[in-house]
Structures are given as structure tokens and as C-alpha cells.
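Below you'll find the structure I mean.
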């Protein structure tokens, strides 16, 4: 699998990363090697195999609809780099 | 100009009426001080894990059964990945590959024409938080109270052709969900939100046109206006020889127009994959049957029962059942006062008038059945007359006051003391000799004047029947 | 007493079980044990750098509490009462910083404990501090830590392995009696192998993941690292158990792992996958593994080689799945709710990008990009879904093997510890070192790594025993028998 500059720009955007030109070049080489290695999976025919998300059959794990949590804003916000009026803060999102 | 056909499909998000959020034990109560209805799980703090609220599955199944869907008995959750401050984990737990309900539909009726609107799928997901713009600091405040409130998204087929059909579909859907008790469907609080996918095509064309998606529609009226506006806009674009761009548009109801939402910096590539922190859901035949058995009485059944059990006209039954809240209020009030027709009248006439006056939806009615029953009892006992009762009801409607103590406090109880009433009337008759003469000269209207003067003197607190009787006696 | 000298100098380390027995017998005070342990850390950690945060005051305070509780008759059944333990720094500790060895979480103090921490505390264990690891558990050398590299106590020019390198090195250097690590693709077993200690990766679902900062949710599992099989079994017994907060926690019949500490493998069927002895395996490691098999055979086990399918495809499948999940799990670090926030930004997009670019190291960024790629539109089926199918085949292969064998035996890693810096330049080469460990995670199986000799450089070699799902006791019994009868 050939990894292009566009692909690197695209995956960096998806991962919300800013890469320097040097980092981009390195990422291109690394990803190309790694993705090509991943392509070795194509050696095996899996057309009759169902994709398996969990290694064993687990199902129906539920909780009952009962309120167990109270307000705990102090703890929720104690790691926030910035806060105001009990809220987290981001730059203006409305255009 | 050519003739065009409008093609509309809806994505309706409904907040479920569970007590707790979809993956944690936080309350789903609306409002609250910012970030007080959340915990490490719903705010996605590192290391925390979701556990599914069973009620969410049961509500989704109930909604699916009531909309004639096939239930996906083996379903699971997927992650939808995107960055936005209202989404603390940077992924929304949703269902892409195996939504819980598929291939349903509901029948609508527009001016007597019946039509089935297909439901493509219903899936379960978590709601996002709220962003509040801070004008002073030019920044945005993030409140996660709504984060993790359970939603079902009901995706229709592109089967609607007009705003009327869309409103009829939404009304029907809302009623079904309210009757199921699955959601309160309050649009103002955002517990029912509809996005409109709309395209136009030349009449008779077999292919669909390019569609746009409209968001930020906060009322049925806004939806109707937005559909009309977007339909016109698209036709103009096409007539102008240009192409429709597939995009998301934001409806501005104040400006009566829509704007293309600035395309996000990156392409929308949600990178869905199965949620590894949750296990698959298997809805056995037995469980499905259990939910089916528990389905409550829906509107049509309820209407028929009202006509039979309470002996009220079809018209009344239809109006009362047009809102689950009104129907519940009706039944609860009748259970106390045993006067179905009387209760029905109060709900159909005065309540509907006041709703209109206050621009409120029936689901926002806040008075209790106890207080309406008390009001009716006061009338029945002759303690207040109907004119006073209407005034008192307005206060019951707005503030849910106790009518018994209210009429006492305000001195509105009727004067049933015949002696006092007779004395007042004697004085009025004596003060109006002309009217007495007119009456004897055959002008019967004059009696009405005397009755009116009496009522005025009594400040409305007298029994009109008794006044009539005494006036008549004195005139004879 | 024994605690004052590290294992390497002393020869025979103090085990958790022996220590707790001494404490309960009143021969030694918990506070003295902890104080001496802290002194070892002070002395040794300048060299090995196992710890990111040492809980000096808290540990001594807790030691006094535990002593009082022991004196009051508590912890009668606990094998860990008063035992000092080190915790990998991706396991949340309430009010105490939990960094994942990343600049991103340098000052993160979770307002909650991981379930395993609550269980350790309920058993009277005393936490010494938080130990080093590869950033967000991504790596096999502990070189990707933001807080600097940990050195192998068997030779400071060697890596301790990873990602639980700090935990394994701390036990090996006597800086902790036991430790908790986490294993996503070999992160407990490989550093245990490199550092000459014992580590268990339990069956997926045995130990609650609540409070374990996720790398790859479908593969992550917390497990013990210790000097002996018995210590590991004892710690596992304390931390294992159903937890309603973790939907993937699986209730099992018995969590009594210490009941499997039985010196007997008569009639046990042990299979060695031929593919585990092939290309890429160092000769000295191979010799040691076959010798270990011989020891078990002499004890009455039936050992034979067999073909385990598609061993090679486990690595690409693992890296697809782990990277995909990681790219999603690590998206929450955006400078808004916790962790690092870039000081300089104009827009929301800039806040996100600069925070993440400055807060994450190279290996984490690389895996997030791989993850984004394999999930991106147009590639999902070719990579992610393909990997899920390969995973199904790997599981099937193991299922077939376990129809014939009780336990699968092989090396933990193809080599002994690598020199510092040797693998960092070539990520793919580093990934290939996970060949014997990742398939165990893909199939959700339990596995243990324990020492089975040293190579000519004096570096420890790890023996890996793999069990069937929830067959954790099988591997503990075989490992214990080997340990008791290994005379080298």
C-alpha cells in the first residue's frame, strides 16, 4: 500500500495532529512500512469468516434504571485546565 | 416554470424518559446548574466504562413495535468518532451496523387522505452536552448535563411530499411515543428534535434530486416554514441553471431563512467501529413478547374506550386523546369526580383556549387532576357560579392553585343567603322604577337589566337562578 | 532483613506471601517494611528509574493504618496485608497523579480509584507509588515514556521491556515486592521475561478494567507481576472478580487462584506450537524453552509439538485493532476537560491540534494515525474488518489446540532484553518482537511468563504458558510445578 502526502495530511487531520514537514516524511515512511505489513493479512482467505469483536460470547450486560450519582462538579472540574461558572471553556464555537 | 415535487425524509431524535442516562446512574432531569448532572462516566474521564441502561433497550423496542418495525434481536453499539466540545469522549456511542429496529412505518392522514410513511430504522445513542456562548469573554462554556441522556433516532424513508405530511407524521410519531411513555417529546426542551432532509425534482422524474439537511428546527411551525423556504430556494437554484449542493443548513426562524453551516474543517469521516466497551444485546423471543405484552393502550384504542366507558362523543374523545398528557389528566380527574362530560368540557374548551392564549403545548399543562376535580365539585355544590369558575380556572391553569382555598381567600364563594340577596334586589328594584314599569309594559328585557344590576352588586357571587326567581317574584 | 537488599544482590527475594506471614506473626511491623522499601527505592531508583511518583508519606501513613487494622484482627484471610506494591501509572488512583507516562496527563489526578485499587486496599496492601511505562502503554521497551527510560536491573544498558517496564523492573530491583501491570499485546509478559520476574495476563474479563486508562479496550487486561508464581496467584486472587462497572467483566465460578499452587503436572497435556520455535527465535532462548519443556515432561506432563495456524498474522491483526481502538480512546485528550492544554491558540481547531501535537509523543501519534487510517472511509473493510476476521481465525486455531492440550508452551519473546535505543528507530521491528504474545490478547486467553534461565549475556529468558479461556488456574499450576522443579 502506497501512502501519499494527501493520505498523511488526511489521517493527521482525522487524528487532530499538526505535523511538521519532517514528521510528515517520517510518518509517510513508517505508515507505508506498517500498512504494507498489515497487507500480509490478505494472504489468508477470510471470506467465510465472521468478524469477531469480542473474543468470547458475552451479551446482555445491563444496569437498572436507578439514579446512583449525585452532583459532584468540584471533582469533575478539578482537572480542567480552565473553567468558568462551573463550565469547561473552549474558544468560541459559533460562527 | 416547470412543476416540481418535494421529497422529504426526517431524522427525528427523541430523548427517552428514563430516570438515568444511557450508560451511568446520573439523572436525566432537564436543566440544573451546569455540570451537576454528570459523573466521570458520562464525561468520558480516562479509565471509565459504560454500562447499558436496560430501560433504554426496552423503550427502543417499544417504539419499534409501535411503529411496525422489525426488531433486530442481535444488535450492538458502534462508536462514531468526531471532535467537538459537546462530545467529551470525542466519540458518540451509537448504532450504525445493527440498529435495534428496522423497516417499519406509520400511517398518516392529511385531509382524509391516508398514506404510510416508511421508517428506515430506529437506533439508540447518547445525547451530547450543551455549548453556551459567552458574549463577554468571547468564548464558549461547556455543560455536560445533557451528555449521555439516552436518545433514539428515528430515520424515515424519503416518503413525504409536503409540509402537511411532515407535520402529520411528526404529530403521529409524537403521540405514539408519548402514549408509550417512551418520551415526553417536548420540543422546547429539546426532547424531540427533527432534522429535515429535502430535495426537489421535476414532477414525474424517477431519480431523487440532491438533498440538503436542515437543522435547528425548534417547533412544528418552524419546520413547516423551513420546508417551504428550502423548497423555494432549491427550485430557484435549479431554475437558475445551477446545481444543489449537498450540505447541512441551519434554519434561522427569526430571519425566516436558512444558511449553509460552515463546512467543518475536515471531511466527515466518522470512522465507525464496534464499541469494544459494550457487549452485544440479544433480545430473546421471550423478552420481545414481554415488551409486547406491556405495550400500553395507544390512541385509537383509548378513543374507542372513552366513547364506550365514559359515554362521551367521538369528537370529545378525539380531542382529549390528541395529547397523552390531556388524556391522562382526563382519566385522573374523572377518577376523582366521576363526571366525564364535565371534565371533558373543561379540557376541550377552557384548557384549549388558554393553551392557545399562552402559546403552550398540551404536554406543558401543569395543573393537577385534583385541582380540576375540586373546581368541578365547587360548581356542582353551587359554591361558585360558572363565571367565577372560569376566572378561578385561569389561575388553576397558570399556577395550579387549590381552588377551594383560593375561592375562600378571595371571597368568591357564592352568597346563598336568600335574605341578603332579597334585600339587595329589593333595593335595586326600588332604585329602578323605570325598569319595573317597562317590564309591566311588556318589555321583558328590563328584567334582564335588573338581574344584571344585581349580579354586579353581588360582584358575581350569586346564583343566577336564585336572582331570576326573586326578581320575578318582586316584579309580579 | 531481606528487604534492605535488592533481589539481584541478595539472590533470593522476599516474597509477598512470606512477608505477609511475618507481618501477621508480629515479627515485623508494616511501617518498618514500608520504610525499608522506600529506602531501597531511594537508593536504587536513581539507577533504574522505575517510579514516576513515589508515595512516600501516603505509604507510611497507610502502613500505620494497616498495622492497626492487622492488630485489630483484620485481614486474617488476606495474603497481601501490609505488602508493599507498585502500580503501573495507567491505573487510576484517586487524588494521586496518574500520568500514563505522558506529558498529556502529567498532572492528571483522577477523582476515582480503579476497581483493582479498591480491591488492593480492601486486602490491606500498601501502595508505594506509580511506576513507569511506555506512553499510554504503546511500546515494548518503556523508552517512549515522557518521564525518561527505565533500565533493566540485569544490565543498565538494556531496556526492561514494556510497556509495564517500570513494574517488572521494580520487582526485579527489589523496589517493590509485587506490582500491577497491564497487558494489551504482551505488556506484562514481555517485561517480566526481560527482567527475570513472573507476570500473569489473566483471561480477558477476569480483572475489572474500570479505572485502567484504555489503550485498546478489547485487549487490555490488568495483571500481577511478582517474584514467584505464588505471589502472582495471590495478587490475582485479590484483584480478580466480577465488577458491575465493567460490561466486559465476566463472572466466573472460582477466583481461588492460590488453590492451583499444586506441584503436579502428571498427565497434563502441553503443546508447543512449531511456529513458536521457528524463524526469528534466538537459539539460546529456544534451548531454554525446550529445556523447560523437558523439566515438565520429567514431572509427568505429556509434551508435544503441534501446528498452530497463522501465528504470523496475529501481529498485523493486532496492530490494526489496537491502533484503531487507541485512535478512538485517545481522542478525548483535547485540552478541555483534563490534562495538557497548549498555552497558545486562537481557534478551537488550533486548541485541539496544538494540544495533541505537543502533548503526545511520537509512538502514540504514529498509532493514532494508523488507527485513523484503518478505520477511514474506504479502508475499514480491508483493514479493520479483515483484522476482526483474522482474529476469529486465531481464536479458532487456539480452540482447536485446546481440544488436545491443557496448556500451550513457548517463549514469551524471541529475544532477551534489547539494548536501549536498539528498536526505537524502527517501529515495525519493535512490533515484530510481539509475535508470541499478541495472539493471546486477540483470543482473550490467560498466559503467564516466568523465568527459565539466562542467556550467555546473563539476561533472563521468559517461558510463556498459555491457557484456555478462564483456564488461568491451569497455567498457574504448570508454572508453579516448573518453578518448584527447575533446578537451574
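Chains here go by letter, A, B and C, matching the order in which they are written, and residues are numbered from 1 within each.
In the analysis below, a residue touches a chain if its C-beta (ideal position, glycine included) is under 8 Å from a C-beta of that chain, and two chains touch if they have at least 3 such contacts.
Please read these numbers as outputs of a predicted model, since none were measured by experiment.
Geometrically, the chain at the heart of the complex, using CA-atom means, is A.
Using mean Cα coordinates as chain centres, the one most removed from chain A is B.
With centres defined as mean CA coordinates, chain C is found 23 Å away from chain A.
Averaged C-alpha coordinates give centres for chain A and chain B that are 38 Å from one another. Annotation: 55 Å between the Cα-based centres of chain B and chain C. Taken residue by residue, chain A touches two or more other chains at 10, 14, 16, 53-54, 58, 61, 63, 72, 75-76, 88-93, whereas all remaining positions touch fewer. Residue positions of chain C touching 2 or more other chains, listed in rising order: 108, 110-111, 218, 244, 247-248, 327, 331, 334, 336-338, 348-349, 352, 372, 376. Listed for chain B are residues 40, 43, 51-52, 83, 85, 142, 265, 269, 271, 276, 278-279, each touching two or more other chains.
By the touch criterion stated above, chain C contacts chain A in their complex at residues 107-111, 204-205, 218, 244, 247-248, 250, 310, 312-313, 315-317, 319-320, 327, 331, 334-341, 345-354, 356-357, 360, 365-366, 368-374, 376, 383, 385-393, 395, 427-428, 431, 442-445, 469.
Here chain B touches chain C in the complex through residues 40, 43-52, 79, 81, 83, 85, 88-91, 142, 265, 269, 271-273, 276-279, going by the rule given at the top.
Residue ranges on chain B touching chain A, taken from their complex, read 18-20, 24-27, 32-40, 43, 51-55, 57, 76, 83-85, 131-134, 137-144, 261-262, 265-267, 269, 271, 274, 276, 278-282.
Remark: chain A residues 7-8, 10-12, 14-19, 23, 27, 30-31, 33-35, 37-44, 46, 49-56, 58, 61, 63, 72, 75-76, 78-82, 88-93 touch chain C in the complex. Across the interface of their complex, chain B is touched by residues 90-92, 98, 100, 105, 108, 110-112, 114, 209-214, 216-218, 244-248, 324-325, 327-328, 331-332, 334, 336-338, 348-349, 352, 372, 375-377, 380, 384 of chain C.
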